[in-house]
Every structure is written in C-alpha cells, then in structure tokens.
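After this come two complexes, each holding chain A, first together with chain B and then together with chain C.
== the complex of A and B ==
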C-alpha cells in the first residue's frame, strides 16, 4: 500500500512506512534549503555583474595598462598621483561641478514652477502635459544634435529670431563664453520634463484636507505653498534632486555631442576627460582613477541628500 | 607542306593556339584562372567597416566575392565618430574578431605598434596566395607607402613591413564656387596670403551668415590633417624632429608658430562663424549649400557636393558650380603638395582565418574591384594608376572641372606628412585644442604652441626609437 503524507512547511519530516514518502520528504527538505539561494540568485548574479568589472577596474588602475598593448605591470598609486598633479584634472572637476550645479538648479526651479502650473485641471494643462514630455522621448545625444543644427549660424533656424533681439551672431557652443550656457540650455530642455513628471506626481498624491482647511482659514497662495505644499512635497523634491544631481555630475553625451569638451578645454568635464584618456588616447589605467573620483563625488552627494530625504519623509509623515 | 597525320596537325594547332593566346589580351584571364580563389571556400569572415562610400562599394560587391571565393562575409558598419573606439577595443581583446578591418593611415601607427596587425609581405610574396594579376606596382607609391612602416617612431612611412592596403585616399585641396568666381571675375588664390584676403573679402558673399572658406575646427585630430597640415608642411614646417636620440615635438619652432598664427587669422576673418563645431560634414554642407565660397579640405568632399547623377539628382544645392585648384602655397611658384589621408584595410593579427582574410583584401584592393568602384560607386580617389588612366573613369571625373589637373599637379608632392608615432591621436587632438584656444580664447600663439610642444614631448621623448622587441605577455 502507498502512503501519502503532506508535510506542512516548517514541520519536521514524518517517518512513514513507505519508501516514497521518505524520498519525497528528503527532496522537500533539499528544496527548502535551496529556496533562499534560488530567490537571491538573480540579485547575486546582478551584483557580481556589477562588482567584477568594478573590482577589475580598481585593479587595473594600479597598473600601466593601455589599449596599445596587453603587456602591463603594477605601478602602485602612480596613476592616482599623476591625476592629482595634473591641472587638467582640477579644471575638469570645476567644470563638472559648475555644470551639475547650473543644470540642477535651472531644472529644479523650472520643473517645480511648470509642475505647479500644470497641476490645474483644464484643457491647456492636459495638452501641455503631453507636449512637455516629448524631449524625454528623445535620446539626449539626438536632442543635442538637433540643437546643434538649430544653432548653426549659417543654416540654423535660430539665427533669424536671435537677430531680432540683436543676437544674430550668438556663437552658442562655438565660443568659450557661451558654450557652458548652451550646454545647460540643452540639458534643461532634455531633463526638465523629468523633474516636471516627478513633481507633478508628488503634487497629485498630496492629501486634500490640509488645503481645504487653509482655504477656510483664508490662507494666501504663498502661505499655502510655503507651509503646506513645500514641506509635504520635500521628499519628492529631494529624490528628484538626487537623480538630477547624480546624472548631471556624470553627463557625457550632451557635452560630447555639442563641444567634445571644447572650445579649448572650456567644457572638459571629468567624464569626457576620462573618456579621452581611456579610449582615443588608449590610457585605460589612467582613466579609471578619474572615474573612481567621480564615483566618489556622486556617492557622497547622494549619501548626504538621501539623509535629508529620510528626515524630510519622516517630517512629512509626522514621525519627526 | 603536307600534313603528315591528324595527330600531328592537332599538336601543331594546339601549340599555335597557345602562342596566340599568350600574346592576346585574354592571357590575363588565363593566368587569373590558374589562381585558386576557392582555396578558403566555406570560411566565414567577420569584417569591420567604417561608414563610407568605400565601405559601401565593398558591401555592394559581397555577392560577387562569395561567388568567386566561396567565402561568407559578415560585416558591421559604424559611423566614423565611434568607429576607431570600437575597433581599438575589439583589437585589444585579441579574440580574432574582426578578421579584417578598415583603418586609417594614422591609426595604423598605433595598431601596428601594438601588435594588432598582420604583416602582409608574406602573402604578397607568395604566388599561391596572391593572384599574379594583383600588380602592387600599379598602386601609387605614396599611397602604398602609407601602409608601410618599420615601427620605429620618428621614421617616415615607406620602409619596413606592409601593414595595410589602400581602398582609396584623399588629398587636401582648394574647392571653390566657380559660378560665383566667374560671375565676379575673381582669381583663384594661389598663395596663402591671397586665400586670406579673398576669404576675408567674401564675408556675407551670399547673404548673411555666408563666409569665405570652410575649414574644420572641432577639438579632434581630424581638424589638423586637412587644410592646416597641408599648409603647414607646404611651408616647410615639421611636426617632429629627432634630437639626441629622442623624438621631440617641433611645434614650438618659429615657422610652426608663424603658420599657426596665419591659419588662426584665416579662421577668424574668413572661416565659419561656428568654426569650433565644424567637422568635415559641416564644411561640406556649407560649401554645398552656398554658404561658403571655398572649401579647403579633402578633394572628395568637394567632389561629392558637385555630383549630378544621370537622373538629375544633385549632390548639393551648388552641384555643377564647383571647381578645384591646388592648395595655396606660401610663395607663388613653390611646389604644391598635400597631406594625404588613406582609408585602408588590414588583417587582425589574432584572426584565425588569415588565408580567407587575405583573399578578401586582395579582391577589394585589386584592379577589377577598384575600377568598378571608381566608375560605379563614387570611390574617388582610387589608389591604382590604371584606374586614373581608364577612359570611363576620366569621363566621370571630367564633370568636375580642375579635379584631374589638380590631382596630376600635386600628386608628386603628396604624401602622409605627419611623423609616424604611436601617440598620434593624443598629440593631434591636443594640437586642435590649442588651435581653438588661439582662435577663440585669444591665447598667444607662441606660448600656446610652446606649451603644446612640451606636453607632446613628455610622451614622445619616452619612446624608444628602435624596432620594438617582442616580449612575453604578462596577461592573456
């Protein structure tokens, strides 16, 4: 006779007279032991996929490896020392911070303002919500190339309207005086919709009752914005700020497509400096310390902002 | 004479026929038929190509190549902006992929020095692997030499092993809007000073935003090699010199500074308004659109703007109005030459299909494909002399006034003018950045060029000016 016993999860196995029963219990126990590893397997694989190149890169940064040759030797901290002694590196650090600060500031201010305007239910807002998302659907490099064509002083369509305000000879990305402005403009065109979407979603999720109470008490729009909207929206704003700051610190494609770091070295950010050293100039091991330094900046900035975000979230939910 | 027997008659007739055939034009075909094009049949080759008319000509004829050789070809085509990054990474992986790749003559100095390229001499000298009809001597000497180097930094091209063979090449000349020049009775500039005056005078010649001469200006090595390097070397300036057994940048020499100063002035007063954004593409587009009156760049760039296809499709707005002239020199009467750029193909040293790879190279750098591509697929300038002598090709080129005359005038003094060394990309990109600083940021040419020379010498002075030793690899 065959006996079938179901073993509930977490229960010890039950001795039964049938051979099949003990086999099935053993299999179940095996499966149970494996389960956490199977559940974690994709995450572990992903982590390994990130960690292996990262560790390999750190290892290579202590060598003189180049794409010119497969021969290389260990040189200790030489690449790090020469990076810190190189004035081009410090110039690129300033450019990177300047770019990130300007882009994030412009995009946050513009994004919040437009999101507040679009938070009204009327046909124009509905239409604009669709239109304003368009730049996000274009790859930043394509957006930059479109801008490059539009701002071309010979054939670009912006020349005529610019000449109406006496700026017909505006040089855009072609002059050291206006290159950074042009880059920030393009970055803002591409990424402000991202800020708008997040802030708008945040605004939509805010509770209505505090606003109704403020309305009854006759609170002015500024009072409502300052004392209700801003504190309740702070977690969303901070997380948006983290995303934009992280991405603009690392920005490569817009700068590469518009100026390649020029004119001269005017817009040579750390990402571009590392790319130039690593690929066109073959010095991969010299490029890695630059990227690791950038990683450190991004990590620190994000770490600090995430701390603020936690506090803001606690305040918004009334915990702190 | 009596015929003694039918057998004797047959032998005599056969010998006679053989003699006649040997002297007839069909003999080449008979020789060709002896060459075993099928010796690598069934092989699959991976080929990496840069997006270019020369590559398009190859792609169009892959079916014919497969029919002749039985070799399958899988190819990738990448835009030039990213091509060399992708290629460098692929070659550095040393996994034999790609088997054959397109390269530029200057990049060869990096790749050959790094041991990524297969020397071709053994194949060229092996009659079982090279068709007797291949005829290396038919290739212009300066173009063939562009693929030859002894791997010693500072030594000019033309000695050592053959690393690559040309698909096509470019010389850098002056193209101009002939229609406008004729209308206004303008004289084509022969000297650099004439070019400067005319370019300055032609500001807004065709409406607001139009200008004198289109020249490249991005922060990239490609800014240096066309008009600027041609002017630089025609004037007698040099990029490097060997001092005390070291390769030293000569960009701080008075002549180099003087030419750079003149070039910067030309850009400021007669060049594109957004010069630092200008690649070959923008230069060609402006010239073709009638925004620039002249173009000092690759001859083929002006040529493509001038093309009118048999069905009336125009290469640009100004197609049919363009003519060509030699690059202006510093003193009238000086011999005009040009710096040359060559698109080549080469075999990956790590390829596991070298026999098939060589058949591919041979076919696509051979006379038959070269002639077809020049007449039917816009492969100007072809590297073989026989193609330039071909009546059909001449008929095609006659539609570009001055093109053939200019080519014949400058070819003797045209060659790769850069000094071969493995830091080419870095040195010339920094050179372009310095040029931008002089033109746009008002940097003093003397101190900027001195600083540039110092930074280049920091790298090149470390180079051993001798044949590299083969060392055992510490990695894979």
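== the complex of A and C ==
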C-alpha cells in the first residue's frame, strides 16, 4: 500500500524515494494512513451495529419463526415461494407502485410549477418562499392527523365546500374509491414543498447569459423553458426525483395513519403488508421477504436514477 | 398593439399570482385550521366555523390533565440525545470524508447514505426481536441508537459539503504554524463550518422529532414519543377534537420555528448536500 496517497494536503510527504525510513517515521506514516478509518470507526460501528439485524433478518427469512413461540425450524425458501404465490403480495406490489408513481408525478409537476411561479422578485413570492415549506417540517403523521380532522364527517371543514361541487358525501379515506386519492393528496401536501425548494434553488443558480441570448433571439417562453431551463435543471430534477421515489415507495406513516391499508386491502402497500404480517399477526419470518423485495426495488430504482443524475450533472456543467 | 401586449402581460401576472395563492391556500390552510380547532371550546366545535370564543382549555387539558407532557419530554430527550450522539461521531467523520484521501472512501460515504434509505420496516422487523431479547425495547437508549439511522447520514452528508467548501490552504497554513490536525480541526475548521453545523443539527433534530415508525414499533408506554401518542388521541373512545388539534399544534410548532431559523441552509440540508442553495 502506498502511504503517500493518504497524506492530507499541506503535510510534507513522509515517503521520500531513496530515503531509508526510520522506525518512528514509518510508524507515523502508518498511523496517518489509519487515521481516516479510525475517525470513521465510531460512525460505522453505530450504524452497522443497527444493521447487524439485517443479517439476522435474512437468516430468519429461511425459518418459520413467529413472535408467538421461540421454537422454529429451518424451512428453506418456503417463505419466498409462498410470498410469490400469494395474490395479496402482488396486489400490494401494484398498490406500492401506484402510490409511488402518483405521488411522485403529482409532486414533481406541482412542485416545478410552483417553483417557477415563486422564482420572481415580488413581495408575495418572497414571503411565500419562506412560509410554504411549513408542511414539510411537520411530522407526516401530524399532517395526516390534521387532514383526518379536516375530512372528519362531524367536525371536518371540507364537507361544505365539497357539497358546493356536489360531493357532499365524499368519503375520503373511508371508501375504497377515494382512499388512494386521499393518500396522494396528503402525501402531496407534505412533500410538494420539498420539490419546490430544491427546484427553486436550482432555478436560482442558473446562469443568466443564455437567457439574455434567447431573449434577443425572441424565443417563446415555452421554447426557452424546454431548451434552456429544463436541460440545465436536469441534475436538480433528477436528484429530487430520486429522493421522492425512494421515500414514496416505502411510505409507511401516512398510509398507516390514514387508512392502515384499508378499506379492506385497497391501500395495502408492501410496507403495510409486511407490518401487518409481522406485528399484529406475529409472522416475523413471513414479513421479511416482502421488505427485502421492496428494498430491491428501491435500490434498483435509485441506482438507475443516480446514474442518470451523474450523467446529467456532467452534461449541465458542460453547458454552463 | 402595445396596449394589447401590456394587457396580456397584466393578465399573465394576475393569473400567476392567483395560481400561487391557490397553492398557498392548499398548503397553509390546514395549519391555520389546526390552530383554530385547538382554540375552540368543545361546545362550539360542531356549531361554528370561524367565529367562536377562543379558549386555552384544550391546551390546559392536554398539558395538565393528560400524560401527553410525558411523551412530549420523551421526544425532546430522545431527539436531542440522538442529535448529540450524531454530532460527536459524525462531525469528525464528515471531516474525514471531505479531506482525507483513502481507499473505499466513496463506498463508505454511500453506505452511510444508504442507511437512510433502507425501508424502516425492514430494519425494525429483526430489530424488534433483538431489542426484546436484549432489553433495549422501550428504552431511551434503544430509540437514540436506532435514530442514528435518521440523523447520522443526514449530518455527515450535509457537513461533508461544508468542509469541502473550505480551502485546504487554510488548513495547510495552520499546520505550518505547528498545530496538529486535531487542533486544526477544533480551532480552525469548526468555527468556519459553524453555521452549517448549527443548521444541520437543527434539521437532524426536526427529522428525529418527526420519527414515527421507529418509536411506534420499538417503544411502548415508557419511551414512546409525542408523535406516536398524538395519533392515539384520535383513536380513543371519547374524542375531544380540540385536544387532538392542540396536541398536534404543540408537536408542530417548535419545528416551524426551527425551520425559519435555518431557512438559508434548508435546500442543502434537505438534499443531503446534493443541491447547494
């Protein structure tokens, strides 16, 4: 191992060619080579300590372990096979993808739109830029709680305006037809500000000169947006998309707080399914393959998108 | 011709503002309504909308006649401790990832980040078992430890960016003056990243405070946090809607204030340093 690579900037290199290293100098170089690992050790211990259960999880997934008894036996891939044969699992997979797709699409489009509107220098925009992030700061569960109160049939405030448009008996989370809509609405309420503030930061860091050129050429606003803003904004948009997709694929708290996966199993996403199998029904070992499958999806999606992001970043820095 | 253009732009400007205000109504009205509800007496809950005689009754009921303060303090204790633990181990780690060159550096950095995006239920399923067997279930330490998965990646990734922004020349100069790297770190670098440090800590606190799934499944009557308990207010048999709203307001207010304090750093924080605001 070459120790010279590890010398932090500014420090004189200890390894000089041709020079016989004295014992203490060699020790010093060794210590310095280890330094970053030593500094990182507590972090890795803390986080890996938590993730050792991960290995335990994979082991348990090959057993018939339940929380009811401490006896269990090794059953090979049975949990995986029965998961793949269970229609509930495929239903939950569809729900998960649907939820993630709807939330991410709505939040990205709405967020980009609002960010474009906020990217103007007037007092209203300036003020709203500060206060529109509030929903994002509140626990998603508390946000869901507020919406639960607002849509409550007895004290809720939304019944009257809904009746104006002929939807007086809109059932929100309580009806299979509207449960998904209600969840997406709440998710969008919580997370659209996330898209807004990232896109806004992206917009504000764009260089001015290409716009001046486009103005001289007389490009229409749509033309400018499509050919200038969008490509330069691509890295920010992609990273925002990664964050939103990763989190909406595994969203638990909003669904748990509003519908608990119901009515019936209408909104039973994979996270909710695994929770239900694992806890109320004690089937810990059965629940693990479901979450491993979800993790695989999250991992693949983010891996692909981060690849795109890196490329877009290179391209955008080439443009600017 | 000129006139029609100006009318066109005027209409454009007005409709833009209207659209913006519609979104603002959607985003902010629920919060406003939560506060209104929390100030409404039970007797006027079903009969009035905006005009009522405000009362602090709900707040005093939540604060003085329920066990909510216990869970509120739990949340405060667990979240602050989690952030402090993250600071102690995470700040030097962020520095090492920003400054030193060593093998596996990027791999380690991304591994740390990936902890934040592992599905929480996947972590909890085996952890529940281990916590029950080792006695960590429903303890403060158990929560503080698992919260590291929330706070540590966030802190390290935000701070790494702030450390990278500092010119290596400053360090080199201090080292020439005879300071060891540890002294340089404490006396020169930390003061320089202080604004970022404060912002990152507050953001970590917000996310720890908001945690729901971990405390829901890994704690119970003793260590549970207010975020979990607030939801239970609504599920109880005799629902006092005003008290639910008051509990929600108490839980939400500190964060809104904190968010205002770290506004300038929010973009960078929320994107784990990927987008510089």
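The rule is short, and it goes like this: the second predicted complex is superposed on the first by the 274 of 320 C-alpha atoms of A that agree within 3 Å, B and C clash if a C-alpha of one lies under 4 Å from a C-alpha of the other, contacts with A are read in each partner's own complex, and residues count from 1 in each chain.
Definition applied: a contact is a pair of C-beta atoms (placed from the backbone, for glycine too) under 8 Å apart; a residue touches a chain by one contact, two chains touch by 3 or more.
If you're wondering where the values come from, they're calculated on a predicted model, not measured in any experiment.
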item	value
Touched partner set for A:206, first chain B, second chain C, both or neither	neither
First (chain B), second (chain C), both or neither touched by A:298	second
Partner chain in contact with A:72 - chain B first, chain C second, else both or neither	first
Touching partner for A:279 - first (chain B), second (chain C), both, neither	both
Residue contacts with chain A in the superposition, chain B compared against chain C	C
Contacts of A:57 with chain B and chain C, given as first, second, both or neither	second
First, second, both or neither for A:152, with chain B first and chain C second	both
Chain B versus chain C as contact partner of A:168, first or second or both or neither	first
A:253 touches, of chain B and chain C: first, second, both or neither?	second
Chain A residues contacted in one complex by chain B, in the other by chain C	67, 148, 152, 154-155, 279
Chain C-touching residues of chain A, taken from the complex the two chains share	5-6, 8-11, 33, 35-37, 39-40, 42-44, 46-47, 49-51, 53-54, 56-57, 60, 67, 110, 113-114, 117-118, 120, 124-125, 128, 130-143, 145-150, 152, 154-155, 157, 189, 192-194, 197-198, 200-202, 205, 236, 239-240, 243, 246-247, 250, 252-253, 256-257, 271, 274-275, 278-279, 284, 287-288, 291-292, 294-295, 298, 302
Residues of chain B touching chain A in the complex	84-85, 88-89, 92, 94, 110, 113-115, 208-211, 218-220, 272-277, 282, 285-286, 289, 291-292, 422-423, 425-426, 429, 433-434, 436-437, 440-441, 443, 471, 473-476
Touch list for chain C against partner chain A, complex	16-17, 19-21, 23-24, 26-28, 30-31, 33-34, 37, 45-46, 49, 85, 88-90, 92-93, 95-97, 99-102, 105, 108, 112, 115, 117-123, 125-130, 145-146, 148-149, 152-153, 156, 168-169, 171-173, 175-176, 181, 206, 209-213, 216-217, 227-228, 230-231, 234, 241, 244-245, 248, 251-252, 255-256, 258-260, 263, 266-267, 270-271, 274-277
Chain B contact footprint on chain A (complex, rising order)	67-73, 148, 151-155, 159, 163, 168-169, 171-176, 258-266, 276, 279-282
